[in-house]
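Here's a structure for you.
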Amino acid sequence: MRPSKRQAGDLRPVSFQRAFSHHAEGSCLIKFGNTHVLCTASLEDRVPPWLKGQGRGWITAEYGMLPRATSDRTRREATTGHQSGRSQEIQRLIGRSLRAVVDLQALGERQIMVDCDVLQADGGTRTASITGAWVALHDCFQWMRARDMLRGEPMKDNVAAISCGIYKGEAVLDLDYPEDSDAEADANFVFTGKGQIVEIQATAEKGAFSEERMAELTALAKKGIAELVNLQKLTVL
Amino acid sequence: MRPSKRQAGDLRPVSFQRAFSHHAEGSCLIKFGNTHVLCTASLEDRVPPWLKGQGRGWITAEYGMLPRATSDRTRREATTGHQSGRSQEIQRLIGRSLRAVVDLQALGERQIMVDCDVLQADGGTRTASITGAWVALHDCFQWMRARDMLRGEPMKDNVAAISCGIYKGEAVLDLDYPEDSDAEADANFVFTGKGQIVEIQATAEKGAFSEERMAELTALAKKGIAELVNLQKLTVL
Amino acid sequence: MRPSKRQAGDLRPVSFQRAFSHHAEGSCLIKFGNTHVLCTASLEDRVPPWLKGQGRGWITAEYGMLPRATSDRTRREATTGHQSGRSQEIQRLIGRSLRAVVDLQALGERQIMVDCDVLQADGGTRTASITGAWVALHDCFQWMRARDMLRGEPMKDNVAAISCGIYKGEAVLDLDYPEDSDAEADANFVFTGKGQIVEIQATAEKGAFSEERMAELTALAKKGIAELVNLQKLTVL
Amino acid sequence: MRPSKRQAGDLRPVSFQRAFSHHAEGSCLIKFGNTHVLCTASLEDRVPPWLKGQGRGWITAEYGMLPRATSDRTRREATTGHQSGRSQEIQRLIGRSLRAVVDLQALGERQIMVDCDVLQADGGTRTASITGAWVALHDCFQWMRARDMLRGEPMKDNVAAISCGIYKGEAVLDLDYPEDSDAEADANFVFTGKGQIVEIQATAEKGAFSEERMAELTALAKKGIAELVNLQKLTVL
Amino acid sequence: MRPSKRQAGDLRPVSFQRAFSHHAEGSCLIKFGNTHVLCTASLEDRVPPWLKGQGRGWITAEYGMLPRATSDRTRREATTGHQSGRSQEIQRLIGRSLRAVVDLQALGERQIMVDCDVLQADGGTRTASITGAWVALHDCFQWMRARDMLRGEPMKDNVAAISCGIYKGEAVLDLDYPEDSDAEADANFVFTGKGQIVEIQATAEKGAFSEERMAELTALAKKGIAELVNLQKLTVL
Amino acid sequence: MRPSKRQAGDLRPVSFQRAFSHHAEGSCLIKFGNTHVLCTASLEDRVPPWLKGQGRGWITAEYGMLPRATSDRTRREATTGHQSGRSQEIQRLIGRSLRAVVDLQALGERQIMVDCDVLQADGGTRTASITGAWVALHDCFQWMRARDMLRGEPMKDNVAAISCGIYKGEAVLDLDYPEDSDAEADANFVFTGKGQIVEIQATAEKGAFSEERMAELTALAKKGIAELVNLQKLTVL
């Protein structure tokens, strides 16, 4: 029995609030239950130095968490002097996931910086970030299209992410914090709208686990991501 | 004529949303027009080293801004390696303002950390922060009172803040960003509910200005802060 | 009764030593009693990036304190890895105060960096810094004039600063350290030679204070700054 | 055809040199072809603060690369002021992998710090690090056993790691640098001696890839890790 | 011919101003010509962690330079985020030199921190620092003796320092900046009052130099340091 | 009697392993007994900004130590946020020593970065670094000569370094760690192949020492460095 009373294959309630941010070219407040992430896409008229003169654009991401997004207050990263290894790992994952479904040629020599800031955390902040960031990016492309700034269609597919894990011996979908902190294994999946693999990160938290378990987790993730992709499509209709 | 069509003595629409944050002991999303600040109060069972063993508590604050809270994206402070001088200046002001109306003896040896994070900025983020932080702090005290953690009433008065400035030769209340960036003088006032002075910071932006002008700004501020204090009282009724 | 036996409206003994520094284009060792600040003005043949190509100059300031300027040794900022929030706040104030009385067009595309380094501290380091920095800047302009580097007169007026406070219930001028650390309120005033307001920073240190008190502090400051401006004029005769 | 002429399922030549380091309790220089990593295990008589008083030990890891381990010199991390996100991500992976096969109770309240320093890099530095670190850790335990410092057997199983990828459309084992920089997908696998999963990290480098592909990569990894585990066993015989 | 018209074996005019600093237990403003260094000795009631419980004291030093001590303004170390390698090298030398003539047992478990801050630089700042620091330390010991804080006499001998170099083919004493920046070799000598060696640092600046040259430099240094020690003795008479 | 049973004038066994590093233009693993340093020379097609357009090259060095090169593990410099003062002092010495025997004109506008990384430490890491770095640099020049990149011969002479010290009252050559940590005086000598002085750094560790002692140390160093230079010549034959 899951602490939230959900069935093994149930997502938490998911919602997308587009245009949450006044200034950003695209933005989305995504909620996976009590996990709330504000995703903004900022268009910048430059590319990283190593990409200059190649006619292609770039998409990158940064991830942060408000100090009291968590149950106990976390020290503000600006006062520790650097981003944690965890923050850097997550933001690199977000960037790779988005780039997997974008045609960077269509952007021209421009960069889109996607910021994912966790206002409230209850497990799954990286998967919510990727899923919400896709919407923010979609709306940024729409903003650019309206200004005739695109060469062709940059968005080739949807991308969304979900976590699965083995909790009390059972494979379950979309771990919340109480489950995450007690799981035997924890895996994050990033798939495209067509169900192709973009990224899999599976970690044993207590000893190791079998290939059969991995197959169960993968099956749950496919189902969950298909639902998230449907919700993305409804959101940007 | 102000860009927002407001009269010289008009505040922007102000709203307070209590309990915005799931985890914090007290929290408030305050809006001064398009300036939105999330204020959370986090109770910690410790005091700064220099206060140990004195039986008194402490209240301090931190201030931050999401990268795309601003019209052009601002670099994330966690990646620059430190808080800006501006952030530090503002958070010290917020802390001083709150402590001016609190009886620290009543807290016992505990610290309350107030985080003010700007989700969206349109001028006046420090004054909105102070005004909203008071509500978050009030609710944190309520949380403590319900758990019988207080020795007497710590909150001695309201405290609120507003900016005034000289814009196109006229004294106006509650500058928004377009006014702020073009003002001849800019002043921030922090007053108690009884109308006493907690802090005044007045700055000439173009040359210098007269004492008469300062008196006009002060009068506007008194009026504006009285309105804000009324709204605080309605909010926590 | 003030610890120093001064009357409420008395400044400490003030002295200016011009050309203290061999290398700087302008320099002044200013003393407000036991507070000694070395101010140097360094002419640089560049402007900040955001000012390039506009034909105007810039004046900025940095503030520091020798480790044993204080009663207890303070940790050297170079070993803490950054300037304190307090140092940054003060140096921004010094820069703003000087720019308020300078015509930046007359400088051409050049920057003057004013360094205020506290050799010995006894309260009022920021007000001494501003008052001495004006002399260093004046002498830097003189150096430039002798080399025909100025387009017209850059110095439009004097600027000087003084602190006032409420000490043992009485409004007093030019707080020294023992008064400053026990004051009920503390205010710094920066006025021009003509008596116009450049900056006011008033802070309640214990509770809050009334508008009448603020008026008393302002009156004392006017008197004190008028005396400082006279001394500046005598110094640069 | 692979640049190195290897078959799709071939490892590079692998060697382990135990006791490379004079001072460390356990050490191993591991080579996967031209990738050379020095792994040292340092026993420390303390545990992280959050583990104090629980009677258990801890194993953690740090990862670094000599500046000219790479084809073009990389900037020394000590001069950039922090470890890169990549270094932090890898060292967290090494630590998790080792802990998955160790009984931390058997260590008592002690920490083992495993340093993996890349002397020369040609792809696969993280997988070589994990595989070599197991040997260094094994020898550290042997050192402790000889001094009667262990409560029971801490090493429950072997752990080893290998990368696989899709290179020119074909699934291949143990990518070297030329393959790695041109692969369509890249996956790192960490398995125990019994063939259980400790960690899987699979990333699409160009678009996305299918579940069938993932299955091929997993099969190759199982074969490669079985070979590595055999070599570990021969090494510590 | 030296730029300053001095003879090869001439020191610059040397002066010591004791008790320059109001707060420090001992202080000295030392001048070697246009090189001016403020040395303060601060008594602290603690020792470094590795010295605790051994009944001995410690003496250490920090070195800094005001930004405009130099001909061109140098960037403030507090804003660069760390002390330069040069500053650290010099302050370690000052600390070692002082400890060579002090009986640390006589201090008890206390630390003296000597700060050497260069107000104005014209070559030889490290040698002036050591020579002036000895006076500051002497006066700190006097302060302690007056309060009966010493166990016996901590100061066993004088210590002073001077630079020599090969300038335009000739060995000269006490290089000023124009000589220093054009010398073929540059050596710093730290000797005790009895003429024993505490430290020698000799560096070829253009190619290498012979042992005979080294002997000439050493002879000059002995003469110069003997003069400085005499001046120290006259100063603290 | 020395702990290692060596005679006073004996070096430890010395060996040079050229081309240790696959990628570097020149490299050498040098061993002075149990002190092992990997020296790599990296050719870069740029010079420091202050040298641009002058037609000359530059040689610089960086020094590091693996965390477990030492008897007790040392904290990784990348995690402390900066290089230690000691590391910076050593790398500046290595760079100066190499430049003393190189004609920088012959390099053209190119920089060679020499990295000296200590794999294992037992005293004398700086002298081993200099001695090995000369071989790495020699081989880098050979690599350049083969590609016709040099204007004339850049290497004008050999350079090597050794430490000497006063241990238990006797002058001894090439201190190992147990001697170094208990020596009364410690001196590092850098001489050219022709026996000229490049650098001398002599430090009293306990009190001070006489000129006669210094002469003994210098004589030992001459002998030792002559042996090292011979070994360098045999190595690069």
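Order as written gives the chain letters A, B, C, D, E and F; numbering starts at 1 within each chain.
Just so we're on the same page, contacts are C-beta pairs under 8 Å (C-beta built on N, C-alpha and C of every residue); 3 or more make two chains touch, one makes a residue touch a chain.
Since we're looking at a predicted model, the values are computed, not measured.
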- Path length in the contact graph (chain B to chain E, fewest steps): 2
- Task: Pick same or different for copies chain B and chain C, depending on whether their interface residues overlap by over half.
- Result: same
- Query: If you take the mean of the Cα atoms for each chain, which one ends up farthest from chain D?
  - Reply: C
- Note on the structure: Farthest chain from chain B by C-alpha centroid distance is chain F
- Find the geometric centre of each of chain A and chain F from their Cα atoms only, then give the gap between the two centres in Å, rounded to an integer. 51
- Note on the structure: Rounded to the nearest Å, the gap between Cα centres of chain A and chain B is 33
- List, in ascending order, every residue of chain D touching at least 2 other chains. 81-83
- Taking chains as nodes and touches as edges, what kind of graph is this: line, ring, star, complete or other? ring
- Moving around the ring in the sense set by going from chain E to chain F, list every chain once. E, F, D, A, B, C
- Using the touch definition up top, name the residues of chain E that touch chain C in the complex. 21-24, 27, 34, 38, 40, 42, 44, 62, 64, 66-71, 73, 76-83, 87, 113, 115, 117, 119-120, 122
- Residue positions on chain B within touch of chain C in the complex are 82-83, 85, 88-89, 92, 96, 100-101, 157, 185, 187, 191-192, 194, 196-204, 207-211, 213-214, 218
